[in-house]
Structure formats: structure tokens, C-alpha cells
Amino acid sequence: MYELGVVYRNIQRADAQVAAKLAALGTSTVHEAMGRVGLMKTYMRPIYAGAQVSGTAVTVLLQPGDNWMLHVVAEQIRPGDIVVAALTTDNTDGFFGDLLATSFQARGARALVIDGGVRDVKTLTEMRFAVWSRAISSKGTVKATLGSVNIPVVCAGALVTPGDVIVAADDGVVCVPRAMASATLDAATKREANEGEKRAKLASGVLGLDMYKMREPLAAAGLKYID
Amino acid sequence: MYELGVVYRNIQRADAQVAAKLAALGTSTVHEAMGRVGLMKTYMRPIYAGAQVSGTAVTVLLQPGDNWMLHVVAEQIRPGDIVVAALTTDNTDGFFGDLLATSFQARGARALVIDGGVRDVKTLTEMRFAVWSRAISSKGTVKATLGSVNIPVVCAGALVTPGDVIVAADDGVVCVPRAMASATLDAATKREANEGEKRAKLASGVLGLDMYKMREPLAAAGLKYID
Amino acid sequence: MYELGVVYRNIQRADAQVAAKLAALGTSTVHEAMGRVGLMKTYMRPIYAGAQVSGTAVTVLLQPGDNWMLHVVAEQIRPGDIVVAALTTDNTDGFFGDLLATSFQARGARALVIDGGVRDVKTLTEMRFAVWSRAISSKGTVKATLGSVNIPVVCAGALVTPGDVIVAADDGVVCVPRAMASATLDAATKREANEGEKRAKLASGVLGLDMYKMREPLAAAGLKYID
Amino acid sequence: MYELGVVYRNIQRADAQVAAKLAALGTSTVHEAMGRVGLMKTYMRPIYAGAQVSGTAVTVLLQPGDNWMLHVVAEQIRPGDIVVAALTTDNTDGFFGDLLATSFQARGARALVIDGGVRDVKTLTEMRFAVWSRAISSKGTVKATLGSVNIPVVCAGALVTPGDVIVAADDGVVCVPRAMASATLDAATKREANEGEKRAKLASGVLGLDMYKMREPLAAAGLKYID
Amino acid sequence: MYELGVVYRNIQRADAQVAAKLAALGTSTVHEAMGRVGLMKTYMRPIYAGAQVSGTAVTVLLQPGDNWMLHVVAEQIRPGDIVVAALTTDNTDGFFGDLLATSFQARGARALVIDGGVRDVKTLTEMRFAVWSRAISSKGTVKATLGSVNIPVVCAGALVTPGDVIVAADDGVVCVPRAMASATLDAATKREANEGEKRAKLASGVLGLDMYKMREPLAAAGLKYID
Amino acid sequence: MYELGVVYRNIQRADAQVAAKLAALGTSTVHEAMGRVGLMKTYMRPIYAGAQVSGTAVTVLLQPGDNWMLHVVAEQIRPGDIVVAALTTDNTDGFFGDLLATSFQARGARALVIDGGVRDVKTLTEMRFAVWSRAISSKGTVKATLGSVNIPVVCAGALVTPGDVIVAADDGVVCVPRAMASATLDAATKREANEGEKRAKLASGVLGLDMYKMREPLAAAGLKYID
């Protein structure tokens, strides 16, 4: 499925403003706005709590125990990008640390999303370089085998095409296809707008059962109350 | 085993004062006081550190990818309750978020314990609504299939009967059967009372070997020291 | 493989000053300086973020659900030691809590590394007693079956011989054999010294591709750029 | 939750004939007939393919790494029983081997269902003593700590009360509460009776879409066909 | 990422003869011939040993605990197809059993590859209907929520586009993109042709070290022999 | 811990006759005879049921996704050896297939024990080349980075020193240190000799409770019978 040993230099990125605005809405709202799809596996966790970012994906495919291509992808980063690193197999080695983070940050990267391990997490946290990863590991890597840069990849169960928008937060990571970015921003913004009113009602003691008019369908489905 | 499609409205809750007092003793002391039983699996983790609560269980059984019954259980919550959500199968979707938390909090719930996933954890943390869950996930759910409310459930390996006391802290979650709540409070309080003196002795350098008089039984078991 | 029912009282510890100095370098640098070996499995996590310690290993082998030998090992602790607890089988019970931590701290232990579970993590965090463990669990243990103290053990996949140096941080736990401790300190210190200059270059926008002269070997390996 | 150190000698077993007849229907049909509940976790696997049994549950609660109570439960076995062994914590040691199997078989046990490990699986297979377990492990156990016999237990996520009916096959293990055994047998038999006709239709090329009249509800749910 | 609620009726299948011929080469050879990519996760296991098939993919996206779309996809099966079922989240319920297998077989399907659970495995084995799945589970499913048919899906970590070729065997499951099917068959056939000669040499005692001329590169990499 | 880039050519193997005789006793009996230690993790499974072997260990340390050193170790195999392959990190790629098996078999190897993945399992089974592995995977590997041969390794949690005896069967894999091989054979043979008589007694209905005289210690521990 994957083309190996290639670097695509010209990718079509989603609109930068749209990409930037999705962060504020958060992973869960964006995922709902897309119809409940596009989410990475729940094992992808932030290295520190509270980070919430969005940006355009540059992708990289790594071989197990080998971080050579992370140096290659660094050159392809533009301000506002998020690097999405997939692997050809399950492996939790520490592919990424503070030196690469310094380089990525200098290139304007907003975050790294990696289906493998990272290290130097204390320094990364101090640098406020956000990372979502499968694991934390000191295990060092070699530079011996080619992968690819900016090909479509499957990262933690989600298909990511270069230029798609990545939204990452405490709730996890979602990928918004470039062609859907603008519509998703609109839909997510609308969802968000509705939530304030709903929250106020629920806070006042109104039940979801009534607010969402669920009593009738529940009864129709056969729900029985027993005293 | 489970009766489906039913909501029991009248359950016998453990004494409210007893239920409230167990929080201060913590999961580990309560679990010891019960004879080292009643603990949920260790994969149940708090969404933020430091929360420590206890309360009476209202239970709900959910179907995979479906959070309909969480709206049904909301109506059954009374102040001081903790909602315990079990599933009919392993599933880590995000069944619960900030809107439901607002509703649960408005009803007086002290916490949620769920053998599935939750989302909006940043907002839940800001709201100080405590949750112990198996996973964090943005994955949205549908409202299509009935489960039940206030039937006995197995949650993360522990049997929870409606009205039992739940004690949850950084160390995990334990269920105290209603009939044992008062005796457990007494036993746990006594354990706690003993600990201050022990701690002082150990801090002064006295060894557990001597304090607990273990040298003789260790020798009897055959332990050999080699210089 | 393991000798059971024995306590070795006299072990040869690595040089105390060398052992103490390795902490500042961190797990990842030390692991690299050793040639990328000696690391424990990534499931070993600190109970609170930011702890970074090193010290000489005293080892203990535990039986499942039984913490008897932790009381035995306490007596063998000298200031500057780190207790490394291995198990004869996979088990995540809560072998260690605040009372044992008080005793360990009184004896001068700097940390516990345990391939099992611990409890009272809130108190341990307040005490600033650092622990790296496989799990957090309230599950209590018995005192019925002998293990051993100060024999070589396999802990979380790493062989630890009594007297070796343990380095533990947010990135994980590494074991440095006693005979390699001094050379590893030198090598790690050199690595660290180089990093400042590298970091400055990368921060200024120089690419790792150029700094590490990777373009030629990448081309030789067949990497192709596509516009 | 669990009462420790007790053996209940008199339990009410489900009707022996009903218990015996459920085997032929298999786990999946019985589970459906019960409303899709009562199933143990999917990690419970048979030690050899093709075994299909049912019988009345005698239960035993084991401590980690300790098989003492398996000798105690042996005395409580009556012909037609299936022993259900739960643990107070996760542990995969080899609690059961060919000697205990010889004893269980001599007492008339039809199978063992254990939320832990077993060993001597080659001999057990030759003996045709059916076992469903969480793991296969040579790891030996001690005889030091009490559990209980014939108390309600949670085994692999399912509540089992002594006297319930256990049905186990290649598809897994289900527990049928004693009070529901007869009705479940009737319902499962009816399900089975219907299946022959359905199978014939489907084999002839009729689609489930038509046989179950799904086209209309699918369209109502919004399904669109695109050429 | 996923479009929901749609069925694509017209897909471009890989050449039927090419698709059929890949089975004989097996997963491992085909995967190597593709450059070591396209493999599903190793948790995908056959329900019985020895099955080895290939065919053109028709895809289906399922919701957790819901097998409605398996009935929809049945109608889209043509002789020589393999159904590839992906899920919107991790879920191991028993989505597929002997009735659906009868229908799939009647339509000409060669196998099912499902990133979820299956049941009735004894009957499926007797029918010789090959299945690769993540789990075996009796857990029944509902028919309530739409997924899609014949959209590109990520199944067990591999991207599968309708019409691609699936090759499945004891070693696992690989997906060959339609455009690469013919070239992959040629490359795999060549690999296979070379293996006989290699096998004979190795069987006669020639070492891979010599046959592959590895001694020089090993020495260049620094390998040292110590007597 | 590990020395990299070295091959030790001269190792002291355990006595060949002793090594060969342990197979007949099986993993579980040998493990018990050693005092219940030396066992590998239970995730190590045979690729086909019924294989039961023992032999002297030659060890190899592999890097993730790299099987270069398996060609190096082949040259060090002598008739009666079992190759034990450890990894520097968790990785389940397919390091070993039918060509390497042909070579190993030609050199006289009795089996492979690998803490990683293998492929061509159908052919390996036909060849009757026994393998215990962590996973089955088609994933191909590279030949780029050095490990070592015949250094002490940790394989699946067990320390294996070159020349130790490996015993592997359906129950798992155990490592017997060279110095203990002869005594272990004696102890295991004695255990085995006792088992026939015990089995006969248990088969006749005598209970372990009586045969092992457990009633008194159980009562002393507080066990209560309730009618």
C-alpha cells in the first residue's frame, strides 16, 4: 500500500485559517461534526495535559527502531503544520526527543502525532512542544532504512492524507480531510453554539430525557419503570 | 444474567452519612478493612489526580457505542449518589461528556465510575466532576438500544448492587456492599487510627521486621541470611 | 534461575558518587551512552511527573500477591540505594504503600522500582517518595511465601544485579551495570556537552539533514524527492 | 464483596436434565436466547477445539499464585458439575494440572472454567478434560491463603452463583442463572428450530435483506445506493 | 474520513485471475514482493489453521455492536470476492455467524476478514468458510445504525479500497492495491521461483552468511568474533 | 547491560545427555523441580500443538525489524542446540521463516524460541521445526544493525545464558541454568515417579484434601464449612 523511499515536496494544504480555527472546538466536537469518524485509537495520549492544537498534516512513514525519516520530514515542515508519523509495524521506541523538537519548532511545527514512542518528555513539556504518542520510551533508534514523507498513511487506525487538518486535545486526535475542513469548521461551530443553551438548561435541573424528548422513543423501545 | 429494558426507581441506599464518611479513608484502607475484596480492575483510572469521593451507587447497564441509558439514569440520581456504568461488552467509546456531567452535577451526583470511555475531560476537570474510567475517547455514541437502570451490574470486575457504597480515589475504586457499609467504616477507621503510631515508629528507623515480629516466622519458613 | 529463600547481606555497590551523578543526565542520555541497552519495558511509569533519581540497586524477588520480602529488603537498604522489586510472575497487586515508604525513606532509599503495583500514591506523592511501577492498585497482599533479597533479578525485562546503578526519570528506567557505571557517566556527560551546540544550531533553523550530513547517505539509500 | 474462608456445602443446583441439554445448543444460541447477556470475556479460550459442555456451577474463589482452594472445591463436586474458578486479582499462574483434573474427573466434573492459567494441557487434552482458561502457564502455585467455595463470584466479567448453569464451547462461556435455565432451554431450542429453514433459504441465494425485510428500515434510516 | 450511510454498487475489481493466483504465494511472499507494506495487524488470526485464500475486496464499515451492514454487503458480493469488515471503533462482538456465512458462501464469497469478533466457529470450520478475525465471541449484535458499503476503510491498520486484492493465510492478511496486483503477482512469483534453489543450498549446510555474502558487510559494521 | 556487535564462538554447553533427557519431563515438571522459577512469559506459544523439546541454548540478540543476526547465529549452532532470540525492544515482526528454518535444521538445531514474530508457519509445521514465539507475522525485516550472539539475554522475562538448557512444550518454555541441569533432571525425574501413584489414588476418588493431609492446616487457617 505504501510507496517507500519517496518525499513529496508539494502537497496541497487545507486552508491555513480554517486549520487554525478548529483547535478551539476540540477533538470531540470536531469528531461529532464529521459524523463520528476520523478518530485515532484511544492509546494516543498527550505527553502533558491541556495542550489543544490544530494544523495541517505533513506525514512521515517510519520503519521500526529507525527515526531517519524524521530528519527528512523536518525540511518539509511549514509554519502551522503538524507532523503525523506512522509506522510500518507496531513499535514503541523513542523516535523523537528534544533535539528534533527544537528543529521542528524552529520550522514552525505546532505538534507531533506519532504512532510510536517519544522521549525527553520533561524537556518537551518545558518547551511546550505538544506531542501525542503511543508510548514514552528512552529506547534509541538507528538511521538505516528508508520510509517516506508526505504519502497517505494510517496512523493509529486513522487514514491521514498530507494536507488534511489534525485536531488534537486531551480527548485524543482526529483527522479532518482537507476537502471537508471548511464544512466541518462550520458544523462544529454550530454544534458549539448550541451547547451553551443546553448546558444552562441541564444545569437548572432540566433532564436530557425531556430536553431531547426521549421519553416517547424509550417507551416505544419497551423501557419499563418498576417501583 | 442481566434484565434488560427496566428501570428500578426504588432502591435501598446505604446510610448517607456512612456513605459520605468512607471517602476520607480512601480506597486502599477500605479495601483492606473489607478483607481485601471488592476492588475494580486497575485499568479504572481517574481523569484527574487527587479526587477522592464516596457515595451510594445508582447503576446503569450500557450497550456498546450507545449512551441512551445515561440520560435515563440521570433522573434516578439523588444527592450523594455515584453513577456506576457497566457495559454488556468491552467498548471504550466516549459515552459521557460535559453536558451529561452538568446534568449529573445538577442532580447531586458526586462522580461517575464507567467501564468505558469519557470525553471533554478538560472541561470535566475544570468542573471538578470526578470520573473514573477505562479510557478517554472522543468517539461519539448513538441512542438506539435499551440497557437497564438500577439492576446489579459487574463493573470492571466488581459486582455492584444499587445502593452499595462506592469509594474512589487515586488508588482505584472499591465497592462496599450496603449491608457491610457501617461495619466497614468502623473497621477502616480503626485501621487508620493504628497507622499514625506505626508510621512514627517506622520513620524513626524501627523496621517492619521487628514491629510486626516477622523474624521468627521468616526463619521458620526457611529464610537464610548469607554474608 | 532464581535462588529462593536467601538474603545476601554483603553486596558490592557501584561508586556512590558516580551513582548519584547519573540522575542529572536522565534515562535517555544514559541509555544512549550505554549503546541503547539496559532499558526496562515502557509500562514502567512514575507515580508523579518530574521525579529524576539515580542510586545503587538493592534487589528483591516477590511472589504474586505477597509483599513479605519488602520488609526483609528494608533492612538491607543503605542511604543512596534504590530498591528494585521483581516478581516471579505477572501480578499488579498493591505490594507497597505509605508505611513501607516511610520505612524505606528512613533507611535512606531514594526510590522504588517495582514490576508490580503500588498504592497510597497520593500520600507517596506528598512524601516525594519516587516510585516507578507497572500499575497502581489498592489490592492488598499477604505475607506467606519466601522470595529472595539481593540476588540478580529480571525486572520489567531488564537484568539487575545488586549494586548496579538505576537511573529513573519521566522517560523510564535504565540499569547501568556496576562495572560500566564510571565509563557510562563519562560517555553520558560528553553526549550532554555536545547537545547544547546542536540545540542552538537546530533552533536557528539548521536542519539535522545538514548538521548530521545525511543527504548523501539518504541519496545512496535511494531516497527520491518528487515535486 | 466476597466472603472469605467459607465453604458452602449445600447449594441449589439447576435441574440436572435442563443443565445437561443446554450443551447441544452452544454458547451463542444460549446467549441470544437470554437476551444477549451472561457472557464471559472473550479471553476465555478452550485448551482444545471442539469441546462443548454444560453443567451446574460449583464456584471457587482463588488468591493469586495459590491453588489451595481447588483441593477444597474438589470435595464439593457432584456428577454433572462444572467448576468455575474466579480470582481476587488478575493472575495467570498455572493453578490446575493433570492431577487435579484426575480428581475432578473422578468426582464427576464435566469441565473447569478458570479466570487464570492451567498447565499440563497436553495431558488434559488426552484425558478429554475440557478447560476454558485465561492462559496456559507452567507457573506453580502455593497453598497458603484461604479463598472460598460456593459463594457468588465474578469470573471473567460474568456473575456466577453456585447452581447456575454454565455452557461452554469454542465460541466461549455463558452463565445461565438457575431460575432462568428452563426458560432459556425452551427459548434456545426454538431459536435453533428456526435456523434450519433460514439456512436453507440463505443457501439458495435469498438475501437476509429480504428474508428479514430490512430494505424498508434501511431506507428509513437514510441508506443511499450509489451506482 | 468515512462517508456514512452509503452503498457503492459499482466498484472496479482487480483482475479476477490475478486475484485468484495470489493465494498460492501466501501472505509473506506477497508482502515482501510489495516492499514489506500492506499488512494487517498480527492480532488478525484465522479461525482454523491451513486456510489460504485470495480475492477481490468488497468493504463494509460497521458500528460497534451492530451487524446490520453485513446484510447490506451480502448483496454486493460477487463470486471471488472477500468481504473486508472494518469498525468505527474497537469492538470484539460476534458480528458474524453461520447464517451469514451460508449467505456469503451462496453469493460466492471466498472469505471474511473482520476487525471484530465472529461466532459459530465450529460450524464455520465445518463449512470451510474461512474467516480472519480479531476475536471469537458469542456476543450478539443489534441492527440499528448505518455504516457504509464499498468505501475505502482502515481494517486492522491497513487501508483497503474496494476492488483491491486480499491475500490471507496462517501468516496473516495483506492487502494488494488493485493497480499493483499484476506487478505484485509477477514479483511474488519470481521470489518464489528463487526460493527452491536457496532452500536446497541451505539444506545442504551452506550458510546464509555465505549464500547472501554477508561476512564482509558484517565486518564493515564492526562485528567481532571472540574465541 | 548488553554487549553489542560480538559473537562468542566458544560457550560451555550443559551436558548433552542431560539436556536431551529433560524434554520428556515437560516444562511444568522441570519448572517445579527448579523451585518454580525460570519460566518465560505466558505469551510465548508454540506454532503447533504437541511439540516437546529440550536442548542447549545458543543465544542471539536482535534489533527491532532486523534479522541480520539470525544468519550469524546459524553458524554457531551445533546438533542438539535450541536458538533463543531476544530483542532490544518489543517488536513482533516476522524475523524467521522457512529458509532460516531449513538452515537451522541442517545445522542440527532442535527449535527456535523467539521473543518476536515468525512467519511461514504452515511450512514450518510441515517441516516439524518447532518454534515458540510471541507472535505470527508476515512483516519482513532488514539486515542493517548489529546485535550479538552468545551473550546472556533476557528472553520473554527469563535470563538465558549460552549453554543453559531450554525445555519447551505446550505449557511454555523454561530455562534451566547449566550448573543446575543435572540436579534438575534428578529432581524432576523423582517428581514424575511420584505422580503415577498419586494419579491412581485420585482416580479412585481419594481427595487431595486427604492425600496431602490438608484438612488440619485448612482448619488452622480458619476455613469454615457451612451447611
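Order of writing sets the chain letters: A, B, C, D, E and F. Residues in each chain are counted from 1.
By our rule, a contact is a pair of C-beta atoms (placed from the backbone, for glycine too) under 8 Å apart; a residue touches a chain by one contact, two chains touch by 3 or more.
Keep in mind that this is a model prediction, so the values were computed, not measured.
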{"item": "Any chain that touches chain F and chain E", "value": "A, D"}
{"item": "Shared interface numbering between chain E and chain B [over half = same, under half = different]", "value": "same"}
{"item": "Separation of chain D from chain F, taking each centre as the mean of its C-alpha atoms, in whole Å", "value": "31"}
{"item": "Centre-to-centre distance between chain F and chain B (centres being mean Cα positions), rounded to whole Å", "value": "41"}
{"item": "Of all residues in chain E, the ones touching two or more other chains", "value": "36, 39, 42, 88-90, 92, 137, 139, 145"}
{"item": "Full enumeration of touching chain pairs", "value": "A-B, A-C, A-E, A-F, B-C, B-D, B-E, C-D, C-F, D-E, D-F, E-F"}
{"item": "List of chain F residues in touch with chain D within their complex", "value": "26-28, 31-32, 36, 39, 42, 45, 49-50, 52, 169-172, 174, 195, 198-199, 202-205, 207-209, 212, 214, 217-218, 221-227"}
{"item": "Chain B residues touching chain E - in the complex, by the definition given at the top", "value": "63-66, 88-93, 137, 139, 142, 144-145"}
{"item": "Interfacial residue positions of chain A with respect to chain E in the complex", "value": "1-2, 4, 34-39, 41-42, 88-90, 152, 154, 157-159, 175, 177"}
{"item": "Contact footprint of chain F on chain D as seen in their complex", "value": "5-10, 68, 71-72, 74-75, 92, 94, 97-100, 102-103, 105-107, 117, 119-122, 125, 135-140, 143, 145-146"}
